[in-house]
Structures are given as structure tokens and as C-alpha cells.
Amino acid sequence: MTSTIRPGSVEWMGERLARKEDLRLVTGKGKYLADIIIPGALHAVFVRSEYAHAKILGIDLAEAESLPGVIAIYTGESIKDLINPMPQAIVKPNLSAKYPTFWPLAVGKVTFHGEPVALVIARDKYVAEDASELVLVDYEELPVVLDPEKALSPDSLVVHEKDGTNEIFSMTFTGGETEEEQKLNEKEVNSIFDTAPVVVKERFRTHRTGLTPMEPRGVLCDWNESDGLTAYITTQRPHIDRLALSDILEISAERVRVIAPRDQGGGFGVKAPFYRENIIIAYAAKALSKPVRWIESRYESLMNVGQERDQINELQIAADREGNLLGLRNRGIADNGVGTTGVYWGFVMPFLGAIELPNAYKWPKADISLKVATTNKACLTPSRAFGHFPTRFAVERCIDMVAHKIGIEPSDLRRKNLVDTLPYTSVTNEYYDSGDFLKVWDTLTAKADLANFRKTQSEALKENRYIGIGFGCGVELSGVASELLVPMENQPGYGAATVRLDPRGKVQVFGGDAPGGQGHETTTAQVVASEFGIDPADVVVTTGDTGTTPFGSGSIGARAGSYFVSAVADACRELKEKITRILAYDLEIEARNEHFEFIDGEVIYIGDRSKKSSFLSIVERIIMFPINLPKGEVGGLDATAFFEAPKPMICFNADCCIVEVNIETGDFEILKWITTEDVGNVINPLVVDGQMHGAIVQGISNTVFEEFVYDDQGQQLSADFENYKLATAADVPNIDIHYATTPCPHTPLGTRGIGEGRPSSIPGTLTNAVCDALAPFQIEINELPLRPNSIWEKIQQAKQA
Amino acid sequence: MYPAEIKEYHRPDSINQVFEIMAHHDEGESLLLAGGQSSMQAIKSRMLRPQCIIDLQNLQELKTVKVESGTLKIGAMVRYCELAKNSALDKNFTGLKDAATHVGDRQVRNRGTIGGSVCWNYAAACTPTAVLALDGRMHLVSSKGDSRVVKADDFFLGPLDTAKSESDILICVSFEQPETKAGSAYKKWGLVKDALPVVGICAFIKLDTSGLCCEARIAVTGMGLGAQRATAGEAALLSSDGDPKSIEAAIDGICATIDAPTDLSATSDYRYQLIRNLGFEVIQIAFKRASI
Amino acid sequence: MQIKDSIGIEMPREIVFSALTDVEILEKCIPGCESLEALDEMKYSATILSKIGPLKLRFKGQAQLSDVTEPESYTIEGQGSGGPAGRAKVTARVTLEDVNNSTILTYDVNAEVGGKLAQLGGSLIKNTALKLATQFFEALNESLVNSNRKPPPLAVPDPSPTLSASRKILIAGTLIAGAIALIAAI
Amino acid sequence: MTSIKLTVNGEKFEEQIDNRLLLVDFLRDNLSLTGTHVGCTYEGVCGACTIHLDGDAVKSCMLLAVQADGHNITTVEGLSADGGLSDLQQAFNDEHGLQCGYCTPGILMNMADFLRENPNPNDEQIRHGLIGNLCRCTGYVHIVRAVKKAAKMLRDNEPEVRV
């Protein structure tokens, strides 16, 4: 087999190395959740609610239970006294909100179309589905509430009666901690708006869409009295799932092991929550002491997870005639659905979305508040661009509207107000640790060549062709610091990695977070290879198994490039210190770590390059022959390091796209997409570019094609890929990526975590381009999805006006 | 997700064998399976629970494309990918080729058949629309052995509803080679490329010796009613040379008689705009192709 | 989903209304009706097998009557379950207008669909419901014209034990709407 | 139960199966060829289950296993004969044409068939050919590059030996 890894290459950081993972994935040898075989595993199929809101009067299981091959059927009533209900502290944010009580299966009533009502367990998955059809649920339909604004009105029906209200979370993010400070701030902002020469006020609506990975969810649990529970789960945070299963099922934690399969078909946040299905499958495996497997169907998946965005933002911007931004005001409303999902409960996304609303601009003053409403829809689940896809759409659109009102180029207005000195703390107290926003912006505008475009645009208009250019940008979280993650998700933010050398000089790295295809095995190997001067082929990375990896709160918020590889580098450096201490002793020279170089499989004393050792032999010496060591030293080369940056970290990117709009049909084609990225020191450009392409196309697909639709009865009408349309390869453009990097001063390698928030600047950029193309019609589009039908209608209205 | 129980699966080698198998089952219990690209969706969602499946893959005589004394005969089991490549369609029937080239995706086109598509007559489908515009004829054989030919105008009755009874088999779809010059074209609009047609429109134009239109057939789909003729639009094209004014008149005729609904995919007004936009292009291309 | 339509029946309103009460006529006219049963004065149950092309769905449903003005108009609401395929609910306002000795029957039907039926073919259902509703009333019209019924002796107490004439009318109306609803549910 | 005889990746099989067993489940569960993946339910849109049936790229979730009796099937496990990488697989590795890899087997099978019919495709043709394969991670950019590179490799080397 030809190895694509060049032996002995010197500098692995920044190398476009072909990924190690690919060799198994392109030959069909990957092992995803559904591929993991445990002999005798039973199959589970959920019976799900067909009503958006209905009492459960009774469930008749007789016929289903009599079907040969059916082993057990659970219902809410049969388990509610046997399993602790949610909420549970381990998967509950430290934020004051109303947390609904719920069990893995609906108890008393169902609150959204698709909610799990019963669980059928059978020997064969076809039989399990047959049996699920024979479970007869007697529903009494109840009225539904589907509009978040109606849900917040005092006379609305309340979905979770015990809460007494549908307003499960509300917060003001500006002015200070106390209500008085916030009120004072509000008054000051009011006066700014009263006197500002330019004020734009608009209602921005983002529809319900999100990120469905190609691999749906799955849980495979095994139980035996000696080892306890082994749970394979499609999850981004196995260590949190383990503690949650331990608390809820009351199995002491050392007898609970959660394994995220090495190969996962995408996560994008959808596999970050702790789901109720995990609980009941684990419970069933224990109760039956037989392995139980649940593979989610796409139908179930689209009705339960991957639904996010769905916000109304009443946004106002005040500015002066020269385009200096004076003030920002926003009243946000989010449609939370029923909020029955562990860790996030739905509202944590709009919470962070409000914090990130200000984006990369200097706002002297801001007044930002948010209300989150429960409705009879599926609970919001995290989706890449966590919570701030809608708020960034609102800000990036409103900034263009201000520029149009003043009569200056939107890109000039942005540049004038971009944060230009870092570190910087935003009006919502978000800390921007480092970066050069202007460098990124100027690189973009140079590539975009606006002046030339305006010429082309006017010539095209003469031929009745409407082309337009749109700009947008985004500050994104680069890992989530404990100071934000503890309150937001009740979890630590530090990265943890164990690096273990073996006597053959090979390296094993263990990480607790569970990736879903981001290439960690290769990028981590490049970091270790660069530290020890060896070949990435000699580095093996294991992730996501709570039995073998150090604690990590999960693959979330672009943690790998920021926190995980930093912990890996720290662990490597700790081992290098030990290696050089012992080598200097062996070579009988007075030298410290910085006097040695790890390169091409050797450890060389810089003072006299003839004094050196092969990496292999010094490692073998320390592990296998730990005698004649410096005082206090002991053998072994294994280190675990924990990394927490002093302050939260960010990355910054900017987008420009050019579109042509067909005014006959409202169809538009993206002719060009240019992006400039401050991604810090890059480990592998192939991987970074892949993340950017994926995020931008996800942003385009969310903005134009995908929409979760509920009818007026709360029936979810987009439960398959024919109705919930993903962008195909033929619907999206190529993407030109240009780096405009500044090393991150707060990580050992100068790397930045990138790609999590990346889709957030896409809806604004794309809609700005369409509006720019339609400038002759004075059209401003502030509602998503951005589709030809609505664009054409706006053109008709403009023609009539 | 998984089909309901299927008691019997048969793969007959002749049409008579098909009828023998069907005789053992009540009407509607057995399902004729061609490419399976539509019926398998219904079987897997369990909206269709056939007790007996009769797989037609061995019926070689249904797989041929031939021209017999001025009639193009396309076997019911001819696949989209074959239609998209078959030169026999090049002269007058490119509308069917346009449709077949953009049905679903490559994998669907490698399996799906013209017979399966016209018999399923999904509410929004390309192939039935092209067959209707091109005045195709469905050659049916019934279990009692008699065969009949049903013109497309009488074959497509409504969504999922055609003149084929449960005990009939479709042998082929035939098209009369026009004596005069003729041309056709099909276009559709969907949110994502090659999606099911929110609006699909096919035009078939015949020219007399002096290059003026002597016959015009137009069919639309995407209105929730399967393939529909738009006769009102056709008259305006007669004896024209495809000039914009008469095409506009034809489009006005179509929009006046076709009921374009509002649904999740498009508003009624937008459907009419698409009919105008695609309709104009399609008729123009049909005229151009006819005049070559 | 809304359907509004009307049909002219060359029979006096009373005859049309009473025809709507005749179980045999209804069983014949409702496309795919397999069983009809009166639960009580205001409630009725039916099993209907409806077909669209190859799709066949059996619905067990009930219909409930409300705000009746005899023999002019009434409202009915039918609920039907098609098992795993889903369900349908229909409310219909039926009005009969006397126009020089014949009747204009107008029906204004709103169909709501749930479960897979809504997800797989919402618009397909509406078009089918309209077609079947029209078929029902055409069948009713035909059966009336053929049998050339004379108006029933309304004054004479109905021999059947429980159901008063007006109640039978109402139930029949319910049936029609229920039928439409259920059929709509395919 | 019905007995079927077929060839999968060059190996002959005879199996007793249910009439209703989907071909994708037969390959994954009966033959443990788990390289073919399932990404959607009844709609058959995502393409992750694409295999070759007598050389044609088809969706194995839209076929009953009994329909494959007597036919020759190739799955992603059969794309490279000697456990190495075919030109197409190598190109995807070189150009980072995959991330999570869940859609990749379906894309490789579709594109292997596509490249036989289109030896020198441009971007637009490749993107139209990919409509039947949904990918969520890559945004398709590297996939298109990988297919283009594979086309060049295939044109330069002697044609890949069909298994």
C-alpha cells in the first residue's frame, strides 16, 4: 500500500497532508455506529406522536406484544416510576430559566409532532417496525400554539402547564448586571436614537432550519453485571453523556462507559445535546440485560433534531451622516419549540446568538434583550453557527440598509466601524482576544475589486442584466472558555490530551472530545510530529472513548484547533522536557530543553550537533532501561495536559459574493464567492479549506433551500429529503479562500479553532448581494428563506409602486 | 422505513406468465414492478403494501426502442438513461429527451422506466408531461388477452390515476412520426436542480411546408393534477411562425385555463409567472427545433 | 385545505334532504363506503375504503353534527383514522336552497390531515377530496332522478324506533361530510 | 423466504432471504459489507447507498434484495481489487474529497460509473452528475476537484481494470 505520508519531512505544521482517516473511509472500511456489531443485539423502534399537542388517554399494546419476535414495549406510564425524569443538574445550564420536566417517553400528553411515545424492542428491525404500527395510542387532541409571539401573549395556552408561562427564558445583555444599570443604559440608548441623524429600524425574520448530518443518530447499549453499562452513542460529548447516564439511571459512574464511534457521519452540533433516547435505550439494555440498538431513521431525525435558527429580531441602528455607528438596539424573540433536550434546552442557542449580535463592529452603546418562547414544535438543537445565524443576518442586513440610507458603499461603512484594536470587549461583554480585522477586510476588498465591479454592474444594467455584490463578516468563537461554558452549559472549557510514547518511538494521543469528520487524526498527528520531529505516520489518535481518554466536554465551538491541539502540544512539551533532562544527563552536558532540537527522528544538542540521540533510542532508554537517571527522575513517558487560555479566544472572517438575478423569475445565480480568513497558524490547509467550504455551503443551503415547515395543526411537513431540500452539488458555487492570518498569542502553536460559527455571515452576505443587484428597484429583503418566489414578488411590488 | 410483508415475489419471463400470476390474486393485490423509483417510495413508507410483486425485469420485449412504419415504439421497460441517449428521439421528440435527462438523478435515471413513470403519473412528473405533449399512445394488453391503444389525452386521468386498470400491462409507448417538420422541448422549475417540477411545460410544434405551425400540443405539470393538456394555448400558435406575439397569446391562453394552486413550493401567481417564462422558452425552442 | 362547490338537483329541497337521510342511497352514493352505523342521535360511524390509483386506504371514522336548521343547512365534523397512514378531520357546512322546485346544494368543506398523509401528499388529498365529493353528489343526483322519489309523509311518525325524521336527516348529512373527510384523507 | 444467487465484488453468494429485505440491508446485515450506508428513509434521495448493479450506479435502498438475484453487484469494498486504492479513491484522498466519509462510498460508486461515460468532464457536468449524492460536510468543492483529478489520472494511466 503506497503511503502518502512523506517520510522525514521537516516541517509538518502547515503541510497539505492527505488525511490518514481517508484510507479506511474511501474503501468502505469505516466503522460507524450502525456498523458496530454486538452478537444478539435487539432492535428498537420508537412509536412517535402524530399530534402536535394531545393528551394520551391510553396505549393498547396487546396486538403489538403478541407479534412473534417482539421482546418488550415501553411506554411513558411503564417507565415514569422507574427512571428519573429530566431536568438533571449535569445536563442543565447555570442560567435561570424554566426547565420542563420530561421522561424519555411522553407522560400524560405529547407536545410536538414526532415526540417519542413508546419504544418497541424486537429481534429483527423489520418486525420492530411492524409491531410499532400495532401500538394503538388513544389521543385526545388539544389546541396548539405555533407562533412564538402569540405564545408570549398572556392569553396564550401554556404548553408546559407547570411553568405557568411559555416565556421560559428572557435576558437583557447590555448595560450591566443589575436591572437599574440596564434601565439606565436603555435610557441612554433611547436618547442616542432620539438624536441620531440616521436611524434604520427593521424586523428580521429567520425561518426554522439547521444542520442535519448525513448520519442520523444512533445508540447501541450493552449491559452485564460485572462491567456495567457500555453505550455506543453518536455523540460529540461522550464524557458528559456518561455522567448523565450515571446520574439518571443511578449506575455509579465507574460502571458506565460511553464510546463515540471513531467514525461519525457529521455532528455540526446536532450530536452535542444529551438526548432522551440515550436514556431509554440504556435502561432497556440494563432491564433486559441484552444489547439493544436504535438507529434513527431520517424521518424521525427531521422531526426531532437539527431544527435551529427560527428567530425574530426587531433591530435598530443609529448612525451619523459620515457612517459612524452610534447605537444598536434589538428585541429578539426565539421559537424554542418544547425545550425538552438535555444540555441546551433550546434557549442556550438564542442566548449566545444575542451575545454575538454586535459582531465585529464598535458600538458606543447598545440595548439588546431576548425572549424565548415555548411552542408545540420540536426543541431547537444546536446547529453550526450556534444561535447567531439569525442575529448576524439581522446586523449584516441592517448595516447595508444604513449604508444605503446614507449613500455610502456598505463595505466602506463596515471598514470604518470594524474593531481595529484588540483585545476588545464588546457591548455584550464578549471578549475578542486577538486578530487583525482590518487586515482581513482589506485583503477581501482588494480581491473583490469593488470599483471595477461597479463598472461591470452598470454595463450589465444597460443590457437589462441585474448583477450585485454583497459583503458580510463574522467574529466567531474559537473554543469556548470555561468562563463562558460553565454558566452556559454547566461544563468546563479546558482541553485535555494524553500523549503516550512507546518503546518503539511511536506515539498514541488520547482525547475526550468526539469529532465527526474534521480530520483530527491527521491534524493532531501533524502537531505531534512537528513537536517530536518524527513522522505523522507514527502517531495514532484515539478519541471519544470515556474508558481510555481524559475528560473533555466535547467537540463543540471549534475546540480542536484552539483547546485540544494546545493540550496536545503542552503534553508533548512536558515529555520533551523530561527527554532532554535525561539526554543531557546521559551526554554529560549542562543543557536545558531549549538547547535541544527534535528533528528528523533525532534529538540534537544545538551547542554541538554531534551530541545527539535518535528519538527512538532515548525513548526506549527512558521507558525500558530507567537506571542511572538524574536524581529524582523516574522512567516512563506518558503525559496528560490540560489547556485553558487566559481569556476566551476568537477568529474572524469576511465574505463577498457576486450574484446575477433574473428579474423575470427571481432566480439568482452565485457567480463568485470570495472569503478571507484569519485562521491563525494553520496546521493543514486542506482541512481548514474543507471546513470553510462546508460551512459556507451549509450557510447558503440554510439561507435558500432548507426549511422545517409546520402546518396550522402543528403537523411537521418536512420529514424527508424531498420536502426538506439540501443544496446539491449543482446548486452551489466554487469558493475562493484567501488567508489573512495573525497567529493567536494565547495558544502554544499560535493556532485558532475555526469553522463552528462560520455559516453565520452567509445569509447577510448573500441577501446583501441580491438587494444590491435589485438596487434599481430599491428592494430590501429582511426575511428568510431567500427564494425566487419571494424575490419575484418584491420585484412586482416595486414595479407597481 | 422497511416494507411491510411481501408474500410473493415473481420474475416472469413472458407477458402470459404475468397474467397467470395475477390470476391467483385479487385485483390490486399484485404490483407490477418496473424501475421501482416511485413505487419503492410508497412501499417503504408503507402507503403501498403489495402482497405479491411481479418484477418485469426479464421481459426483454418491453426493453426495445424501434421505428415501425413511421411509428416510434418505446418499450415500457426502457430506462430514462437510455431515452436520454437514444438518437431515435433526436428529430421530433427531443422534448421527451429533455425530460428524461433531468429526471431525479443519475442513479434514478439508471433504473427508472418510461412505463413506470406514465403508469404512476405522479402529481408532479416530467415524463408523463412530455408523453402527453408529444401525443404518445399507450399500448395496453389486458389479462383477458385483448390489447388496446389509449391516446395520452385519454390515458392521464389525474394524480396517480390513469386509464390502465389493475389487470393491464403497458407494453410500449408509441409516437407517430410526423410527416411534416416537427420539434419539441420540455423545461421545468424546482427549488433545487432537477427537483420534482413545481412547474413543468412541454411544447410540440408541427410546421407545414411553408414553415408555419399546422399543429401545436402543449402539456403542463406541477399543478397537483399530474400531466394536463393546455389546449387553450395551442390555437394561438396555429399558422404562426413562432413569432413572440403569437407565443404570448398562447401563454395567455394557457394561464387563463390552467388552475395554478398555491402550496409550500410556490404561490399561484408565481406558478403563472413560471408558466409564462418557461412556456415562452419552450415554445420558442420547439419552433426552432422544428424548423431545422 | 378548503373546498367550496355546489350542485343543482332537479328535486324539491325536502326530497333532497330526505334522500340524504336514506341509508341505502347513502351507502350506494358514498364512493368506497363499506359500512354505516348510527351510534346515537348526533353521532354516526362508517368504514370507507378509498382509492387513489394503486393506493388503497381503509378509514374508520365518526361524524358529529352541530347547528342544524332543517331542511336548510347544518354543520358536521368527521374524524377518520387510516391506521399508520394517518388521519383526517373535516368540517363541512351543507346548505340547501330551494330554487323554483329544484335545489342548489352547496357544500363548503375544510379538510385537515395528519400523520404520513399530510407529510406525503397534502395537495394530492385536496384534489382527491374535491373529485370524490363531486362524485358523491352526482351519484346522489342520479339516484334521485332515477327513482323519481315522492316527498315522504313527513307528518307520519317514523316507524323506526328511535330516530326521528329530522335526526335521520342530520345523520345523513354527517355521513356525507364524514365521507368526504375520510376520502379526503387518502 | 426466497433463495437468491448473485455475485458481489467478484464473490458468489447463495442466501435465503425475505422477499421484503432491502438490498442495502442484505449487503450490510447479511454480507457484513457495511461500506454502503443509509442516509434517508423512504424518499431515496441522499445516494449514500449507491452501488453498481451490472455496472450501473443505482440506489441499493430502492431495490429489494430478491431483485438482485442473478446479477453482478459491486460495492465500495470492491472498487479496488488488491486492497490498494483505485485512481478515484486516491484522488479523493489527495484532494481531501471527504470529511466524515458517510456519503463517500455512494459518491465513489456513482462517480466510478459517471467517469466511464464522461472521461473528460467539466465542473458543471460533474456537479450535475453529483445531484444524486448529498454531502453535508465538504460543500462539494473538493469533491469536484477530486473527480476531475481522477478523470485525468484515468485518462493518463491505462483504463482501470473493471472487477
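Quick notes on this one:
Think of it as A, B, C and D in the order they're written, each chain with its own count starting at 1.
The criterion applied here is as follows: a contact is a pair of C-beta atoms (placed from the backbone, for glycine too) under 8 Å apart; a residue touches a chain by one contact, two chains touch by 3 or more.
Bear in mind the structure is a predicted one, so any value in this text is a computation, not a measurement.
Among the remaining chains, the Cα-based centre furthest from that of chain D is the centre of C.
Here B-C and A-C were compared by C-beta pairs in contact; the pair with more is B-C. Rounded to whole angstrom, the centroid-to-centroid distance between chain A and chain C, based on C-alpha atoms, equals 53 Å. Centre-to-centre, using mean CA coordinates, chain B is 35 Å away from chain C. Between chain B and chain D, the centres computed from C-alpha atoms are 29 Å apart. Of all residues in chain C, those that touch two or more other chains are 84, 122.
Chain D has residues 18, 20, 25, 41-43, 128, 131, 133 in contact with two or more other chains. Touching of two or more other chains is recorded for residues 125-126, 133, 297, 299, 717, 720, 722-723, 726, 728, 730 of chain A.
All chain pairs that touch, listed by label, are A-B, A-C, A-D, B-C, B-D. The touching residues of chain A, when paired with chain D in their complex, are 1-2, 4, 18-19, 21-23, 25-32, 34-35, 37, 125-126, 211-216, 263-266, 268, 295, 297-299, 516-519, 686-687, 689-690, 693-698, 720-722, 726, 728-730, 732, 734-735. Within the complex formed with chain B, the residues of chain D that make contact are 2, 18-20, 22, 25, 41-44, 47, 50, 56-59, 61-64, 66-67, 69, 110, 113-114, 128-129, 131-133. Taken together, the chain C residues at the contact with chain A in this complex read 83-84, 86-87, 112-115, 118-119, 122.
Per the touch definition, chain B reaches chain D in the complex via residues 1-9, 11, 33, 36-37, 40-42, 44-45, 53, 55, 57, 81, 104-108, 110-111, 193-194. Chain A contributes residues 125-126, 129-130, 133, 297, 299, 664-666, 704-705, 709, 717, 722-723, 725-728, 730-731, 787-789, 792-793, 796 to its touches with chain B in the complex.
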